[in-house]
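Chain naming follows the written order as A, B, C and D, and within any one chain the residues start at number 1.
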């Protein structure tokens, strides 16, 4: 591939580098006046799924397809009259993309979705959340046959496969294309008259359907984006389902061979917004329930339950409810976070984390603290937070984690460090406790997590209800591209 | 005055327009390598006190005084190598300024502090949090005598008064100048060799002293900015005190006639960060205690205590602790707030508040909610939040407010609406309850607030420990400029 | 096609809207350190051929292909260390593009050349000056077969044709592709190891070869860009020739069926820079000679020969030499031209032209002026200049034009108004004289122009040495796309 | 003084660094609708007098004084509707400022004129072309008395002196202030109702009066800026004259002690635009006449007279007329000049000058060239141009200079190198010839220059008609500040 001028590049935002990162959110509407305004609002509500860049495509019979793609937040790019009036029409889709800047290299504006292709029967735009696990092989094959790729994105394969399909209409071409694709994908696409949504056969990534007034419909990664536009939540798109929405009607298709559902359990733990609804329950409630399970599985005597804000907050509330130990804000989050500051050369340790978090010294002094976080990835932030608490005079620090040890990378649309950077892949829990320097460290069990997520009987090892590959190493879709690059799957022995 | 080209102007940020606004934060350091880096970090930690603009002045023997002033967040302007290396030296001060854009007209970059003046004996820079209540009169007098004002800021008076002082050194000139000034002011200033801090005689606005390593000192509006640079909190600057710091020594002066202390009680309620320490206690703890007092003063049967995030959170925690009613996050805050979106033309009500807040529907459905907020100003946001809760299926909404009714404007450095925009100045509490459409509405009493703030006996009407003019209408400093413009003080009858 | 956000758009530059516009310049180098620096310099020297945008692609074995594309002048985009160091390597090509903003609609950054394609055997980049006259038909055919177009540029066809070629190496694929293409094209292309140049069979657009030091080579639209980088002018690429340069060697191929040469005569009149060399002579000298011929064909008694600066200057000098009438600068050009000013609402006529030109009043007062310009397109500017001269007191104005009447649009890479906007297509010369309000108006004859361009016997109607379709209506290549859109070729009667 | 953040800084433009630089142009209008549009146009026409920055102040009864100040060209900053509508009113003044970036350090936006001051009786804005030679002493005195300077500009003294004047109205205060000021100054100023123009007692810098329609008036540094707005040239402001224009009336005052007129002769040679009128003649004609004189004083046998474009063009035309040797464009200027390019590391000499100029190789080969330039300052560019000519095959190069040797710096508003950088201060003419490597080198005599400028009898040594200090070392105003800094005046011996 060719690399573009770095001037396109967004600033690095390294502050949350000790978290797994959702790589995308998708949103689309049809049947409303000025659809692009709704799309921008939906993307804003999905901004937690991707902060690097965003794009909108809208269609209007007079001016055709129009697009705008920009690095940065939705609020900074898609709010002005001047931009929004270039995106007229009753039909539009949008995409927010996670920042890989700094860690994975280089993103150009042409990598920003939605992608657009013009076919003999008209144009189509497509946006995608997830990851195509056989993208490299597909790309080689398509180039061999004469396709010209314009981006480094795996999603561009879909549009080229569609271009080469022998089908006569775009939904059928999309079915053709998606049947060649392996991996996890929730797709939102549009033609001149149709809004289309698809989830892969296992339903790894989320996608929901909403209704706007009498004639309008929306597709969204999460329900929280339906709320912001005043849309009513209708239902989740089913694993393996394609919906084609046009003229106020929703048609449903099942183009793929049926497979057992394996929804991403990390959406429950961290990715989705707490006010979204998954499986009929608020994500907040599932997380609070994780805290309840954790308090049962790993109780400890202490004076205060503190969350690592904001991701540990619901579980900390649940832990406090179950244990009876008071809940308090021992760590305060700075709302004005941003890019890296220059560090004063001396006198200061742990600068990075202090930019984002500060200890509430007067509250935690001489107290035994139960610190609740959603996960441990590299462990670097956890260590610094513990240091801050001890420096401020905490008597004891007990770490409780709202997910099992993260031991395997995700290949289904989540940015994960390599295995050798995952603390839990390198150490036992006891070694991690010593490494982090805390008085105790406990993770919720996989069964406990399943129970909190509503599977009363815990995890069925033979047919797990969720994709939990990051914890279990059991990958429901073979990550072929990564295996080609040398990734080794879990062996029977592990 | 002359108005500058609007291109300087920051974007309007109208989202929190239903809050009182602190107008400034000040910070200074001496005796460290690359002082400006420390200043930028301190300003970042004080960003909640002012988001419109920020400025830094640093002094270095080789290149003299250097400055940088920019609209926008500290994180966006004072983090690059390129900017920070233009601000060398061991001594620097900084200022963050609240955005008055849209509401009060027009700010030019030359209105952004610190201000600089060159005197016969050398230059000085000065930054100021508060408000000079006789600035108009002083300005007229100075112009009459031949001073040229470059900004519309009241603080520029101080530098002109200093320029005309007959004293031989800058600290003495500053004393001369500040003795002519009425109002509330916490000043941080610098010469080529000295860092200077002053609080007005009543100590309305905060200012604290910190120590950095062996030789360094810092002055800050709040202690949270000492934490971020790893400085040790030494003590508050006293009301009416001037400290002059140089060569590792702190000298203390008392240049003003002594007056009873009247610290701003709204710093306790809302302005200061919860992790700051005021009067030996964390602000978080005072706010939690306000929740406890409120639960005692205004109990109600309910299922869930919810804060309006984030300012109502500590009081909601306290209310839950005292009442035993569970605490939950019924309202979720979007972290990616920004400028105004274009509203879709139909179908959506309450767009503004939805950009910032969403109801956690699954949690609050069919529940009786106690909603805790820090204050009611215009009441516009309160109404919308209540609507969102009822739309989402809440059974009852009981509003509990962590401050007494806000009935009077502040003239001491806080941006307040005119009296006729303050809901509590126009209605009784019962009328407000009906206007807001809630099932019950209770404010904490002034005595309860004083108790929570550590004055066990409540408010002493003859000599109140705090400035509480916004609640009581009792102004400790006569707001002369405003009276000249037609403001009417509270009469005996009120 | 899809339209991108208008934020990409360059500002309109309507000041020269009464000229024909060259649409492009191409440049490439191989065998030098930091080739991109040479390319930027070459593009700067070719800036007169296109001011809207520019792009560079460079190849480096370590980082692969890198590109930068920007709207605006080369001097503003390709001079900083920061940009240029993203374009390492010994091989690079560049392109400058004429602004069609305002007149032809909308250019997106992805329309800016060079275009890049990745093939099974590696990548190639291509830049092109000219126009493909069967681009629409080719595009339809390629889309039908599954190619995805990313730009609205006709040049993108070439890269798709190459992608689908069955040949094993890139030069062969390029031959395959260019054999399918009709029109005028001078192509500069590159692979990882080769610099390639091609001129269409008739050689309508220019392309020259230069040598840099011992090992380096350059390809350029004009020789003036060889001068700026210190390269030696070797020879013109021949019509129908392809050169492939690699490892210090130049290989020559003739992939097309031979056709009679038809170089664009308007390059002699206006497009090329006067310091470039065409057919062994400086363009300046040809233009001076046009003035000499014009003085012979259309003499008139007068006091002063004045050019319309700067395009009429060489011909005016020649006219003065031949006629003996003194040469003088009656019109002065403002060097600081730019975008449109807001016109004061009253009192001023002819603002547009005054921004660019001013009359040297004291010089021309009461004089009979011979005004020499290169061409008349719409005639709007000519009228305003005449007005300015008369307002300033000129006694007589005699207009002498260094080209025949421009009566037909160009379809070979030049931006021309539609026929009904060409003054000479709507009026006889006498009507034009009256319309312009000048005392006399004479154009050079087509034979005179050929003589000045070095064809001593004048134009051979059976086999003209140049493409002069804009004057004669005789199109050497059938403009198929335009005929499809309704353009009517000259009939026998005309 | 304090230095501002470098982000304000304009890009360096080092291309003409071998010229003396006019430091400013001033312009003002009264009595027209939307005066700021006229001011912007006038500034555009005066852009050759200063390219670094520009500022406009306008007054409107509804919104008061408004200003806009920007780095860069007028065309880029003062053409948009959005900016211009912030400058309403019938009265406005403007200023263009020469770039000292790189050479003299650092300009901040607050150094950009016009300056504004608010006095007890209302505001005034002032713009100034020239230099105050006792500015340092005045500044010290004003600071001692308590004035706060905001810029490093000498012009700010005037506004402070006005602020301290005891007079009751602004024109009288301006007289008071200007009587304290020494040096060369042409001032344009405005109050709420008056446009004011002043030239210093010797009239060193130009200033002219124009009439717009029935009621409007304009003041401008040069007449070419009257042409662009369609204003009629009325007369030059006289040395020592102050005009106060209001309500369609022009009042004239003579506030200074009368002195002999000493207009800057370098305005004739280089600074003023050729289409401006000075002393009743076009500057173009004076320069052409310089060429005539030069051909008489320093004839030589040759084949071609070539100007160094564009400043040498009129003199070259005159030289050709007088000598009969043909005039030709041996050097071609690139119109798209800009900031510095990165130089390819090898193979290229004389890059800087090639970016701007190219030799017309085919024309000059084997010819004896008379090269005419306006002046020699450092000589660096002259050398490079000669190299380019010889490289391209010129047989001989004879240099003819349209001014006497520049041996002394100017302290009256022109940016000159120090004496030790002026080639003519370091060498005899013969040494310069050898240093430059040309076949002959001749400067016009001071008498010849005076004759060309219309003083038939040449220079009167006892009472020269012009300021020619840069040639003669005879300074009509003592440069006190510079003498204080160590500058040594010419002694009797020199």
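Everything below uses one rule, namely that contacts are C-beta pairs under 8 Å (C-beta built on N, C-alpha and C of every residue); 3 or more make two chains touch, one makes a residue touch a chain.
Heads up on the chains, UniProt names are A, B, C, D = Amidophosphoribosyltransferase.
Not measured: the values here are computed from a predicted model.
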item: Co-neighbours of subunit C and subunit B - touch as defined; value: A, D
item: Per Cα centroids, the chain farthest from subunit C; value: B
item: Cα-centroid distance, subunit C relative to subunit D, in whole angstrom; value: 36
item: Separation of mean Cα positions, subunit D and subunit A [Å, integer]; value: 62
item: Cα-centroid distance, subunit A relative to subunit C, in whole angstrom; value: 50
item: Subunit D residues counted as touching two or more neighbouring chains; value: none
item: Overall pattern in which the protein chains touch one another (line/ring/star/complete/other); value: ring
item: Every chain pair in contact, whichever chains are involved; value: A-B, A-C, B-D, C-D
item: Contact set on subunit B toward subunit A in their complex; value: 32-34, 37-38, 40-41, 44-45, 47-48, 51, 73-76, 78-81, 84, 212-213, 216, 224, 227-230, 273-275, 277, 281-282, 284-285, 288, 310, 313-314, 317, 321, 326-329, 332, 334-349, 351, 354-355, 358-363
item: Interface residues, subunit B side, partner subunit D - complex; value: 1-7, 57, 63-70, 82-83, 86, 109-110, 116-120, 123, 125, 140, 143-144, 146-150, 159-160, 163-164
